[in-house]
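The structure appears below as structure tokens.
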Amino acid sequence: MNSIAADRAKPGAGLFRVRQILDNVEAKPVSTALTWPATLNPAASKRYYFWLVAPAVALLAFISIYPFFWMIYMGLHDVEIGSVVWNDFANFTRLPSDSRYVGGWLLLFQYSAMCLALQIGIGVFLAVALNGLRHEKILVTMLLMPMMIAPLVAGMVWYFLYNGTFGWYHWLLQSVGILGPKSILGSPDTAMLAIVIIDVWQWTPLITLITLAGLKRVPQDQLEANMVDGASPFVNFISVTLPNLYPVLLIAIMLRFMDNFRFIDSALVLTGGGPGNATKILPIYLFEVSFKFFKLGRGAAIALTLLVVTIILGMILAKVFDRLHPKRT
Amino acid sequence: MASRDIVQYQAPLSRAFGWFSAVFLALYLVWTLLPILVMFISSFKDLLEAFKIPPVGDWAGVTLFFDFTPTFKHYENLFVNLNFSQYMANSLIAAGGSAAISVILGSMAAYSLSRIDFHGKSDLLFWIISTRMAPVVAVMVPLYWIFRELELVGTLPGLILAYTTFNLPFAIWILKGFFDDVPYAIEEAQMVDGATRFQAFLSILPLVGPGIGAVVVLCILFAWNDYLFAAIIGSGGAKTLSVATRELVQPQNIQWGPIMAAGVVTTLPMMLLGLVIRRYLVAGLTMGAVKE
Amino acid sequence: MFYVPKEAVFRRISRRKFLELGGGAASSLGVGSMTLGLGSTITRRRVQAQSSDDAKWKQYAGSKLTFLSENTPPSFAVRDNIKTFQDLTGIEVTILTDDLPVVQQKVGIDLRSGKADYLLNYVQDKPIGAPFAEFYADMTPLFGDATLPQDPDGYGDDAWFENFLSACGRFYTEGKIVALPYDCAVACTFYRQDIFEANSKDFEAEHGYRLEFTKDSTWKNVIDMAAFFKKAKEAGKDVPYGYAQHHGSFAWTTQLDIQRLLFANGRWMDWNIDDVYGSKEPGKTNWGDEQSVLIMTKFKELADVCHPDNLANGTLELNTVYQAGNIAMQTQYHEFAASIEDEKTSRAAGGKTAYAVCPKGEASWIKNGGEAVNGCNLGIGGIGINGNASDDLKRAAYTFAIWSVSRENQFNDLKGLGGTPTRKSVFAMEEVKKSMVRPTTMPNALTFDAVYNYCIKNPHIVLGPKIPQANEYHSILAAEVQKCLSNEQTPEEACKSIQTQLDELNGAG
């Protein structure tokens, strides 16, 4: 068991323990392997396990470490046509004054915050509404359909729906008087909403699923005890249910947050960053710099900052796992 | 269940809440399924019919949406003229190949990582999962460079390897959780009975079978739904469904009919797979952090 | 066989089912070919200058070439017709088509990494030609090579429409030609004669001149017309909007839209550089000067009376708006005429639409002392040969390049798929001449008089700016113009912001 204690001090350690702790099945010791069968030579065992891990680690190292150093190298150079010139960190030092870069971060956070707020709000509400319904299973199955759709296809379908000439959603929005003849993608004020909506459409079900899983673990005895004491369901929800959901919700938030950083397929199809720069979230700007402007040095610098922030987020995520999992053993 | 019993104790307020949530749920279901329905129905419409829309505010005009003669010509076009069966095979091979490699290497690694402990193990695990966190756009250019050197651009093996970059860490991560749940005593018993270590490893594989099945399906799902890798690394010889679908957007002609049909072709298999592993979806999509 | 523990997890579901699932998926992986690589291969037979034409065409029989192109009609036409080329040369050509941004990415990566995966490229003038010109093979030595087959119409400037060869083939220097004109999209005015006629009286009462579109119609007139229709529409009359433009996410069209106004009024250009050859060091931009601010103001004024969805529409979306009868006039690329004349999809078909030149500059708007012209611009795609390839590959590719832009091919493309010719000899064909008036079997030809006899000629045409940073230039310009149009900034602010960013971009700050 001492290995668990040691693990807990490190980021990420909780990630693979939470599943057991959250599971109603009694947690099994992680480190049973520490007791070697007497017949086996421990050193040989270690070597054996090492060779089982090696291919995967080697492959991952190959496809992750090389790009990482490549990015650092390119990020420190001026990569113009046919030449690579050291440029004294200019790719990095110019970033703070690049309005599209700074704006890209702000928009990314704004985009992600809007997505998350809506997804959590709607997702949790749906989960509470669904929890224990007679047809819960089938309803949930219907709900999760959008998650299976390729983001590119989703983007195209929504583009079709949003279109100002033949789009049914545009017709609907116009008919109820929310929009005029200007379509949702035609104004910087609404274009962001358009890409938020598609993310909400695709990924709210995930929040619902996660929350449902969390709801099943809310201690019923406590809820009932509070009821007897006269607490309203609403108070009960706030004081008992919600705190129990925090860990799973935090996991959901971090995962969605990171996915917003990682995937831009549907936004690329829908707005490509426009109009103006209204939806030019950082990954889209990075895409432009690397693949449209072919500024590999600048692109690498932007990519590195994005990567570092994503990994820091990942570490926070790992810490969150450690801190907030319900301590029931 | 208990929660429902409790709700029934409370009179008007929670009844109102019940109604409200039922209405909300119904509306939400409509909003969730409508785009899929539109995609499905539009794939059977002639372009002219797909563009038919009532005047603003004419609610009765909604019937126009269903006013069409179904045609299979878009599907026919995809598979007869546009070589979509090849693209579908490419998608399948790329997604399946990467899933196979990820699961084989992943289960070996996950098994070992579940069975041994060493200094820095959690760092190694974090590093493994961090390789999956990288924004695709960020790593695309350097990856392209390596793949180009290895003559892998535009080939299915190249695309398989590209997908393995995000599927392998995922597989290791999830499978480790499954192996953790299998007591070491089983292998121990096997080895005491004279089995080799590898035989012992194989003997517990059936116990993590469901995990392996779920991981295979999820790896296929992730790879199948990818666009950026396929567009850049798979370009040319390994065109997948999503790239082929995007290509139907032509400067002078967005072929909405075939696009919708291609959307259905791309989506339907994944929806079916999603249903099959419905139970593992949450665990899979939350990296095993949350389990139903 | 082996012990299964009682407490095994996941026992609630059918384990067998999942095993089967995993196994089934795994076994289905084995099928299919795994080696669909790219790349070109070459086989060669020596020929002499005095060899027969057939031998010259056939010298690379058995070779394989790859051509990466945009998904536009000429490429489809060439692909449909590829058998002819194969019969002629024995060379197998794989034609890959993609969305222009994707073509750009792939070509860029391929050229810059010193490879020749894509031996032949679609060299769209500004997006691909301007940044990558030096990676393409110089075709001039091949033009006169007696050991290669040659096109009887030749490749000189006279063989193509005015400026076309320079537009896609010459970058920063006169001597080197990197691409042959393959297809083109020239801006011209599409308007609804029927709607114009029906509203002519009211318009004349209000504005004192007839509602008609001629060579002398200015951008000021366009604003009048758009404003008239908008007012009538808002007053509840059954009329469409008057005008609309394409400022959607496809950055090039936003730049082209405003460039036409800027050039029409005093032939204003972004930089004081030659617009035909371009410049690698354009220096300080003219953005921010009095002329640019005035035109930006007028551009905004125009946008305010247009169909309100300009910012969501690219070329095709705008064309759909026009096809649906929701606008009375658009400035559109002449390759779209075929879709307008399609009775099945367009309400503007059947003689309702007239095709005219681009609007003219307004004398009172000109502050730089320049001339008022019918400012017109174009996007032109060339076919170029990857400079990283070996000499033999280049020569083999050359046979395909000249074949693909031959008169016959361009004619087939025009006739079959609604393409746009670049060779004068196509224009001179009797069948094409006859098609320039209704009834026509080649609707694109309805635009040819306005386009080839007027718009593309000097002094109306503007080609540039050809600068290595063309793509970022387009992106910056589009973003700032769009911000101005959506009231996020004033025209002055937009011009200043463009000025600052462009000067920084070119190191001219």
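Letters are used for the chains, namely A, B and C, taken in the order the chains are written, and counting of residues starts over at 1 for each.
Basically, a residue touches a chain if its C-beta (ideal position, glycine included) is under 8 Å from a C-beta of that chain, and two chains touch if they have at least 3 such contacts.
None of these values were measured; they are calculated from a predicted model.
Undergrad: Applying the contact rule given earlier, which two chains have the most C-beta pairs between them?
TA: A-B
Undergrad: From the C-alpha centres, identify the chain that is farthest from chain A.
TA: C
Undergrad: Can you give the whole-Å distance between the Cα centres of chain A and chain C?
TA: The computed centroid separation for chain A versus chain C comes out at 38 Å.
Undergrad: Per the centroid of Cα atoms for each chain, what is the distance between chain A and chain B, given in Å?
TA: Computed value for the inter-centroid distance: 15 Å.
Undergrad: Do you know which chain B residues sit against two or more other chains?
TA: 51, 141, 145, 181, 183, 185, 246, 249 - these are the residues of chain B that touch more than one other chain.
Undergrad: So which stretches of chain C touch two or more other chains?
TA: Those would be 7, 9, 105, 320, 324.
Undergrad: Mark out which residues of chain A touch at least two other chains, giving numbers and ranges.
TA: Those would be 25, 165-166, 291.
Undergrad: Which bits of chain B are touching chain C when the two form their complex?
TA: For chain B paired with chain C, touching residues are 47-48, 51, 89-90, 92-93, 96-97, 99-100, 103, 141, 144-145, 148, 151, 153-157, 178, 181-183, 185-186, 189-190, 203, 206-207, 209-214, 216-217, 220, 231-232, 235-238, 246-247, 249-254, 276-277, 279.
Undergrad: Please output the residues of chain A touching chain B within their complex, sorted ascending.
TA: 3, 7, 10-13, 15-16, 18-20, 22-23, 25, 28, 30-35, 37, 39-40, 45-46, 48-50, 52-53, 55-57, 59-60, 62-64, 66-67, 70-71, 74, 122, 125-126, 128-132, 139, 141-154, 156-158, 160-161, 165-168, 171, 174-175, 201, 205-206, 209-210, 212-216, 220, 223-224, 227, 232-233, 248, 251-252, 255, 258, 261-265, 269, 283, 286-287, 290-291, 296, 299-300, 303-304, 306-307, 310-311, 313-315, 318, 321
Undergrad: So in the complex, which bits of chain C are touching chain B?
TA: Residue positions touching the partner: 2-5, 7-10, 13, 15, 17-19, 21-22, 25-26, 28-29, 31-38, 66, 68, 70-73, 94, 96-100, 102, 105-106, 109, 113, 115, 117, 315-316, 320, 324, 335-336, 339, 344-345, 418.
Undergrad: In the complex formed with chain A, which residues of chain B make contact?
TA: 1-4, 6-7, 9-10, 13-14, 17, 21-22, 24-25, 28-29, 31-33, 35-36, 38-39, 42, 50-54, 56-59, 65, 105-106, 108-109, 111-118, 121-126, 128-131, 133-143, 145-146, 161, 164-165, 168-169, 172-173, 176-177, 180-181, 183-185, 188, 191-192, 197, 201, 221, 224-228, 241-242, 245-246, 249, 256, 259-260, 262-263, 266-267, 270-271, 273-275, 278, 281-283, 285-292
Undergrad: Show which residues of chain A lie in contact with chain C when the two form their complex.
TA: Against chain C, the touching part of chain A is residues 25, 81-82, 100, 162-166, 180-189, 271-277, 280, 288, 291-295.
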